[in-house]
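Working notes for the structure below.
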């Protein structure tokens, strides 16, 4: 479903062809992953507390990703004077984890299996949700690689703290994942950016989060610190897992989500932080969640998600290739 | 939130006021229900297999119901030369059953409690879903009243048979409710109207349904039989529970639903059957499910649901009042 | 804005050009109307009782009318083997009556002035609403032509009777026009088709209407009578004013309106009645109201309005041209 | 409809329950208001000059407010380290003022009555429009409380000056309210923020406004002054009435309005000014107008309105409680 | 991307997985087609004369087709008591023909190549448009198979005749395909169903069509003839190519198209004709065109297209398997 | 269609009347243009590579322009204390260039003819697209006026470089216009602002552009330079042609376009640059392209386009009138 360039037979315009992520090859057999990065859809939204629909996030983000798949031999960025995601970077699309309606536990288990398969293949897992609860099985899947490779730090972009321990018996909804992550012994801490306004986490949640190693910054606090100030607060050398809730962004560019919150990040604010961590840290996993496309008829939200993921992946693999060299950020 | 007429202080146009169902009084204390019919929202949609969003069904149907609440002393129908739902019919709105995200069992239990409260108060339960799985706790709540008052027959309007026993462990999703109903010893049988096209029920499901007492008719079969022919197939004297999946209707008038299926019923086809059963049978319970308003920006789907429910309630209480008299249908 | 054919310089596809009605010439000076039919927009919607937005009806119907303006020398209909609206029929577009927000009386007066100007020019007035209250000034404008040319009968296509006399002081809202018309001494009576379901008119309104000369038929009653049966009930030889509320149609094809009501007419049911009256009666005026385009993102509603008006105008002028001849309907 | 917390029986997720404002109790009897703040809907939009639909503003803002009603004992804000709107703040919802279609005067009178009732009960009136003309009866209702309590100053957030005196006889449309306010002897002046671009007010309007005591600042001028600079221009000690036209905001976050104007305020720009005045001034009344939800299918506009109102109310009552203490803004 | 059943590892709900048509396997190498039917997308819409957007038809129909892909071993239809499209029917998805913007000729040539590849593989070509001009290369591709296997007859479902020869030099737009088909010596004639109302074809076009072998029937004429009457007019034994313009259907169920025309077919009217021809004729090719999904936010149009295609394919292969047996239609 | 003021007969609210651009007079005879600026629609979108629909750009921008046409004698801007576009500025609307579907060359030729007619009349051409390929015929039309009046410099606002020479034979799609412009000997160079992210132009395109005289700046680079810094890079005294691709703006305010790209300009960033060049340069032509209204149900995008064009035109003619005077920018 991809790989053709202008010189080969097809022009392959964005609206043409089966919409796998960035028109990358689809791999049905998860025991045969040979790639640098593997996309896994996690279309689960039973953990939502307001508007559902994130189950269509994977399809929407894949569709939108084709806009950025013009068939070049990589994507040239004139600001960085760099060509990202050239043919040397192998991206594959695994399709989606199997979801069992009414059954959170089984659905999460299937997501976990997918991430484990990617990690075992040595590829970077890139999970597209689904609601933020899909982060729970993603983090769970890291136990083995962390046992051998060392612990991880979680960098979260989000409007909400998502640090509820348990309420009415719920421990695996989209208000709980960061608490679940913090409980893992191979998670050394969290950097939580964009947190603002009233949410499902009460004061006790903030106190618990800080007690368990969280650094919590609002959008305004991030702006006051500046990109370098924020980057400096992430532990040096930490291996990073990045979890991006699209509602961390301003509803002006990400209205297609379940629980929008005004006052969020603009595009470059997040992109530049991601570019920073891509060059300064090893990125071990990524998830992007809460795109609910039916609330955004303009399609801007999924275009944001796809544009962000493709640029971030470009930074990650560019940095890996040039790790030894001093790089202009 | 209602009850005012033109002669009293307010004109009370449809777009004015808090949208309880038909602007009926809201009853927060479910131990204090004094009414002929009580509306209960069941905003649960974790049982869906395609598009979610039926959790917003109760709010959408309530909103739409205000269009038919002009503040008259009842609703005059010139075709029947009858005034329905005059001040002698007491309708109340109980709000919604509490929903616990990620937890089907607890959510269903809360719905069941609400229906039990209505039945204990001697009112007619009218449940607005939510997906079709909410029918499961509704039917469960009838065990006691059936123990004393006798069994019930279920009349279903639907595109899908919803008769899956179990698949991947799922027994309480929106493909299972009619099977669950048929298993109850106080359910004598089902009349399933509108069933068409491929769905989540395989051939075995149809065979099981028939074996367990179902009469299954497609839209075309209903049309071929005619209204009287269909009415004649419902067991005489049966006490009826009515479950209406909005996708039983044609997507032309009900696009706002999770799993639309072309070839469905038009408005009067269903209305006239409901008018028929209202006059020929005791109606013991009603649910209307699968209105997912965000898929219908025109609002037609919820207007259909509200128009249908209000007319049906009019027929039910008109018939109760005139049961002894011969009535022109 | 029109008049070009294939042989002249322009292909003039529907999406090209300024959207006057059917791309007809715009006449800014209402004292210089030389035409067989003149279109007047009446973008007034302060008379609505639920969803507003009919003020954008004129623009939407004009836009949609361009779909049927392929630049032919008339529109060939293969079913009738007739070419309608050839170059011999002169249609002009007068733009809109001036609307004064917050002021119903002045706005109505401006609409009335426009219709008077058309009538004085001897053209057929075709008014596009706006809500149904704009019918009030339209009918008022007929006093002089009726004084000389004789009275008129009103044929209404509508879901609602619109026969409220006065409520809370309101006499010129969209629930009042048919009562206002019936009060005119030059209106001999009304034929009201499509009336159904509960509406803003109570039982007394129906009784008053019948007492003042109305023949009221529901959609089902129209279907039972058949087209010929309905046509036979309209007084022979009556000069007809036609008022079409788009909500007379089924919401499946006309969701873009303020107060949709399920169970309405389908396209050919109305078209064939209009074709019938066009051949059997003199048509003296037309209004089409209650298109509220923002509730129908598909645009079907305004396409229906434009398709209906253009076909009806074709019938009217075809019949005028062949009045002496026996015509196949 | 509210008040439950996690420890009580219900989880009460945002999508569950009757949507009164913030799920506060509904008070049908306006002579029995016991509250700190009372919400009144004013669903009147006959004063609009472009897109109508603000009549659905009250319902939309109430719906959106449920997103911020997670059932906590107040809303914790980690940036302020404060818990706002705890159980000590009593908010009630009065439903809507009665609207009479076609009749601006009566509709405005009903709104005025509602605000008078709130003021007589000693509660803070919070009116949700409706178009900006609803500010006229709101201000009118303050004559008595100002007679006893002293005059007020009006702080307006808006794209448009709304200072037209009279045009074509219109004095109570949505282009007139600030002129009407300035005419009141108990209004000492206006601070008009966000005014930009061409609007319905001509040059003479600006001159009149300044002559009658207005301080007019554009978005860019507000930015140049900074929050403190703006706050300093509001008369020290003035009792403030706040009127927020949602079109004061950028269409990126508030597209759902009748007359959008690009170049508007972003979220925090307004929030921080409101936080400032809440701590420095007595707030005597609030209205938020011109939310026309049908133009924003994403729902962002009404979420903005609800988020802003709830935060502002939090600041107002927090400041009242701590008026004597020095507070970190 | 498909083939799993309930007993294998995955539940594979409709919203899960890469949306190839009916989740069938994607075949990138068109020289390796081993299938009974092959889906080819033809996302070309430069031939449209009103609303574009049919280029997203293939993706939309594929997405919608997943709703009917519940992972059963075939689709059971209780009305026919038949299981369609069991594992013995091999369907593959070839992705899309390459489209060259601004270049109609090259784009059409690429579509033609795809159809030729399918025909050479002995599979049934099923082309999803794109606008109706894509039928031109489809028919062109049949020259060789017709040279050996005999001529074909074209059965068209459409609102428009599409029989314009040339206008302003345009010969390959969406108003020309049936004329182009009729010119082919291996096309023996056309049956054109659903043709109605004014369109881009003038009277001369109808005359030419009839002269070149067309049988033209309007929707009302089809209804008057009945299904059997229509089927009887198709030449006995003719090998049929089916071209379905979605605007042949009523806008109530197919609003998502470029040039909607009211008065179209309902679902079963077309389905039953297709079922009839599937059993009575050899079906050699299918195209379904003019689905422009962005005009139908409800998704009904693409669901109609997918439901129709899947049912029709079921009939075709069921009939092939049972050709020798007398079948109940 | 315009020109009336408050003192004349009509209030002429924005929603009233035929939507020519700013309700300016429509001129059907292009040999009779007497105006300072002439609007030409170029509804061509066959050059698009992702979402089409820009063919409805001209109608949408004209509709939106009526919001800013309150009938004043010019538009007063309180920030500039200036009245723009008073009656001394004559704007006319020429309607649209004729578009020939499937034929890029002829369609472009018709656009070119329209621009030539405007230039011959001595008016400022203002072309509303359509996709960005319509810039190609616009620039072509300047050969004669440049031969006499001297060369031009092109100022582009855009997300994409649009500098592809040829690919698969395509030379006149929406990815090619700036290359085509640069090839003209009467184009001295380009200033390309807003260029960002991956697009259809590869690295070679950037190199070619710079070699052919382009100054390329991203959004962030423009912000870093500041308005004055950017203005200083445009050659002093250059006669400017301005081409504005609406996707140069942030999708938050311009989602209604074919290929949105996050990280774009906000309103004042572009407005202030345009105000700067209006005062410092002679503006010889303007096009605004890629508004695809059906992707923005809120209408914000076309409102942005109209607001920008009207303000820019105000600046241009204000500067022309006061060229000799020192002006506050």
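Letters A, B, C, D, E and F mark the chains as written, and numbering starts fresh at 1 in each.
Everything below uses one rule, namely that a contact is a pair of C-beta atoms (placed from the backbone, for glycine too) under 8 Å apart; a residue touches a chain by one contact, two chains touch by 3 or more.
By chain, with names taken from UniProt: A, B, C, D, E, F = Guanidinobutyrase.
Everything numeric here is computed off the predicted structure, so don't read it as measured data.
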Where in A-B, A-E or A-D does the C-F interface recur, with over half of the contact pairs identical by residue number?
A-E
Where centres are the averaged C-alpha coordinates, which chain has the largest centre distance to chain C?
A
For the interfaces C-D and B-C, which has the higher count of C-beta pairs in contact?
B-C
Based on mean C-alpha positions, I'd like to know which chain lies farthest from chain B.
F
Centre distance in Å when chain B and chain D are each reduced to the mean of their C-alpha atoms:
39
Whole-Å gap separating chain B and chain E, where each centre is the average of the chain's CA atoms
38
If I count partner chains per residue in chain F, which residues reach a count of at least 2?
11, 13, 15, 49, 51, 55-56, 100-101, 168, 170, 250, 252-253, 295, 297
Can you name the residues of chain C that touch chain E in the complex?
6, 11, 13-15, 67-68, 70, 72-73, 75-79, 83-84, 250, 252-253, 267-268, 271, 297-300, 303-304, 307-308, 310-311
Can you list the residues on chain D that touch chain C in the complex?
45-49, 51-53, 55-56, 100-104, 106, 133, 168-170, 172-174, 294-295
In the complex formed with chain D, which residues of chain A make contact?
49-51, 161, 167-168, 170, 195-203, 206, 216, 218, 220-221, 250-253, 255-256, 259-263, 295-297
What does chain D use to touch chain B in their complex?
1, 9-13, 15-20, 26, 28, 41, 43, 55-56, 59, 62-63, 93, 95-101, 297
